[in-house]
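Next come two complexes built around subunit A: one with subunit B, the other with subunit C.
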Partner chain A sequence: MSLTDEQLERYSRHIILKDVGIEGQEKILNGKVLIIGAGGLGAPIALYLAAAGVGTIGIVDGDLVDRTNLQRQVIHFTPDIGKPKVISAKEKIKEINPDIKVNTYQYLASAENISDLIKGYDFIIDGTDNFAAKFLINDACVMAGKPFSHGGILRFDGQTLTHTPGNACYRCVFKEPPPKDAVPTCSQAGVLGAIAGMLGTIQAAETLKFFIGKGELLVNRLLIFNALDMTFRNVTLKRDLNCPVCGQKPSITALTDYEQAACDLKGQR
Partner chain B sequence: MKIKVNNEYQEFDGEITVSELLTKNNVEMPDMVSVQLNGEFVKRDNFSSTSLTDQDEINFLYFLGGGNF
Partner chain C sequence: MGLDIKKSINLHNISCPMNFVKTKAALAELQQGELLEVLLDEGEAILNVPRSLKDEGHQVINVENLGETFKVIIKKG
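Moving on to the complex of A and B:
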């Protein structure tokens, strides 16, 4: 693969970076990324990965664009209200960078379909809004040996970790979804729109680092920030050898759909 | 004694358990937090029976949903 003159120009600010160069940009162009959730996190992630030239971007989301989304889901515009999020996102990606191949999956990821969804991709991104999906993505990626980026935001807080095979997974930290009676606090919480951009762009940067193979990924680390104080902390994690999914004797060997109770606002929008 | 909580030192007069520390730090819903003590996760069932000692390092890690909603 050799870059065209147009590509050399488009990606010149990447190529000029010692740690990217033409070789790194080619890796990005050959990259295949699946973004699960085209919402607050998925929006900035998709925009930056498209601009960066990630060759194939898959987007999974069953929702339609709603007016309440526009405060933070910056890939969707006012005229998109009522449109499937995957279509709205695809249109913007194509406008930013017509070279990107976009695959859309207009449904929710589930225990039944997730293994097929992730199969053809190099890197998976969790941009979902509920714990059921977060645990499902973790378990499916661990079982399939796929690297992924976890992201969570709430109020003024964000957290993210990157999993690569053999290292700490989401379940090493959080054993199982929170109990359902913890839900009301979550659903009343709200989120500062810009937080989604802060966390999403960190996830996008991790994805690009994964492809160029430079620097240190957020592997065996949980990055936590609070935007009110504007403080960031890194918590070192160890893979839990007794982890129910990535441990030495896993007790979870099949994918299941947890009840979507936790932090799911659908009924209350 | 001094305990490093989420990267910042806190001082306590007597013995304190993980549960008590969570209460003192206004963690309203212990079910929504994972606790890492000196690099190892503490089982939720052991929060009230686990006592902390001087210079312990403890991290509260919260469930965060987010993204779409």
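Moving on to the complex of A and C:
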């Protein structure tokens, strides 16, 4: 693969970097990423990965753009209200970078479809807003040996970790979803719009680091921030050999859908 | 000098940082130890590009002042 003059210009600020260079940019261009959720996290992730030149971007989301999304889901614009989020996202990606191949999946990721969804991708990104999906993505990726980025935001807080095979998974830390209604969702608790950008861009940077193979991923680490205090914390994680999904004797060997709070399913019913 | 130049690029009138980007692209096509000849403008280009290349582990073998431009021989590191 030889980059065109247009590509050398477009990606010049990457290529100049010693840790990216031509080789790293080529790896990014050959990369295939699946973003699950085209909301607060998925929006900046998709925008930055498109701009960075990630060759194939898949987007999974069954929702339509709603006026309440616009405060933080920066890939969707006011005229997009009522449009499928995956279509709205694809249109912006194509405008930023026409070279990107975009695959859209206009439905909710579920135990039934997730293994097929992740199959053709190198790296999976959790940009969902509910625990059921987060555990589903974790379990499916662990079972398929796929690396992924977990991300979650609420109010002024964000957390993210990167999983690669053989290292701590989300379930090593959080054993199972909290009881339904024990934890408020974004729609109940609120979220500062900008923290979606803060966390999503961290996930995008992790994805690019994964492809160029430089630096230290957030593997065996959980990054937590609070934007009110503007404090960032790294919590060291250890793979749990008794983890029900990635442990030595896993008790979870098939994917299941956890029940979600009904308000998470707006537009899905 | 009898140097075995593998590739030669003319970056006259190509400004920073695209001259560096194009040099990196040319070097990417060479094997380690092979030589690249680059024509760079005086001023910013000749000040910055060889320095950046050294930072990335390449060797600047020879610099020849041609007046408006400089002919630089780089060994891929």
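Observations on the model:
Just so we're on the same page, the second predicted complex is superposed on the first by the 256 of 269 C-alpha atoms of A that agree within 3 Å, B and C clash if a C-alpha of one lies under 4 Å from a C-alpha of the other, contacts with A are read in each partner's own complex, and residues count from 1 in each chain.
In this text, contacts are C-beta pairs under 8 Å (C-beta built on N, C-alpha and C of every residue); 3 or more make two chains touch, one makes a residue touch a chain.
Given the structure is predicted, the values throughout are model-derived calculations rather than measurements.
Within the superposed three-chain model, A:21 lies in touch with subunit C and out of touch with subunit B [touch as defined at top]. By the touch criterion stated above, A:12 is placed in contact with subunit C alone, subunit B being left untouched. By the touch criterion stated above, A:2 is placed in contact with subunit C alone, subunit B being left untouched.
Of the two partners subunit B and subunit C, more residues of subunit A are touched by B.
Once the two complexes are overlaid on the shared chain, A:173 sits against subunit B while remaining clear of subunit C. Contacts of A:241 after superposition: neither subunit B nor subunit C is touched. In the superposition on chain A, A:233 contacts subunit B only, with no contact to subunit C.
The part of subunit A that touches subunit B in the complex is made up of residues 37-42, 61, 63, 73, 126-131, 134, 151-154, 157-159, 172-175, 178-179, 181-182, 185-186, 191, 196, 199, 222, 224, 233, 235-238, 240, 262-265.
Against subunit A, in their complex, subunit C makes its touches with residues 17-18, 20-22, 24-25, 27-29, 52, 55-56. Listed in rising order, the residues of subunit B touching subunit A in the complex are 6-7, 28-29, 31-32, 34, 36, 39-41, 59, 61-69.
Residue ranges of subunit A in contact with subunit C, taken from their complex: 2-3, 8-9, 12-13, 15-16, 18, 21-23.
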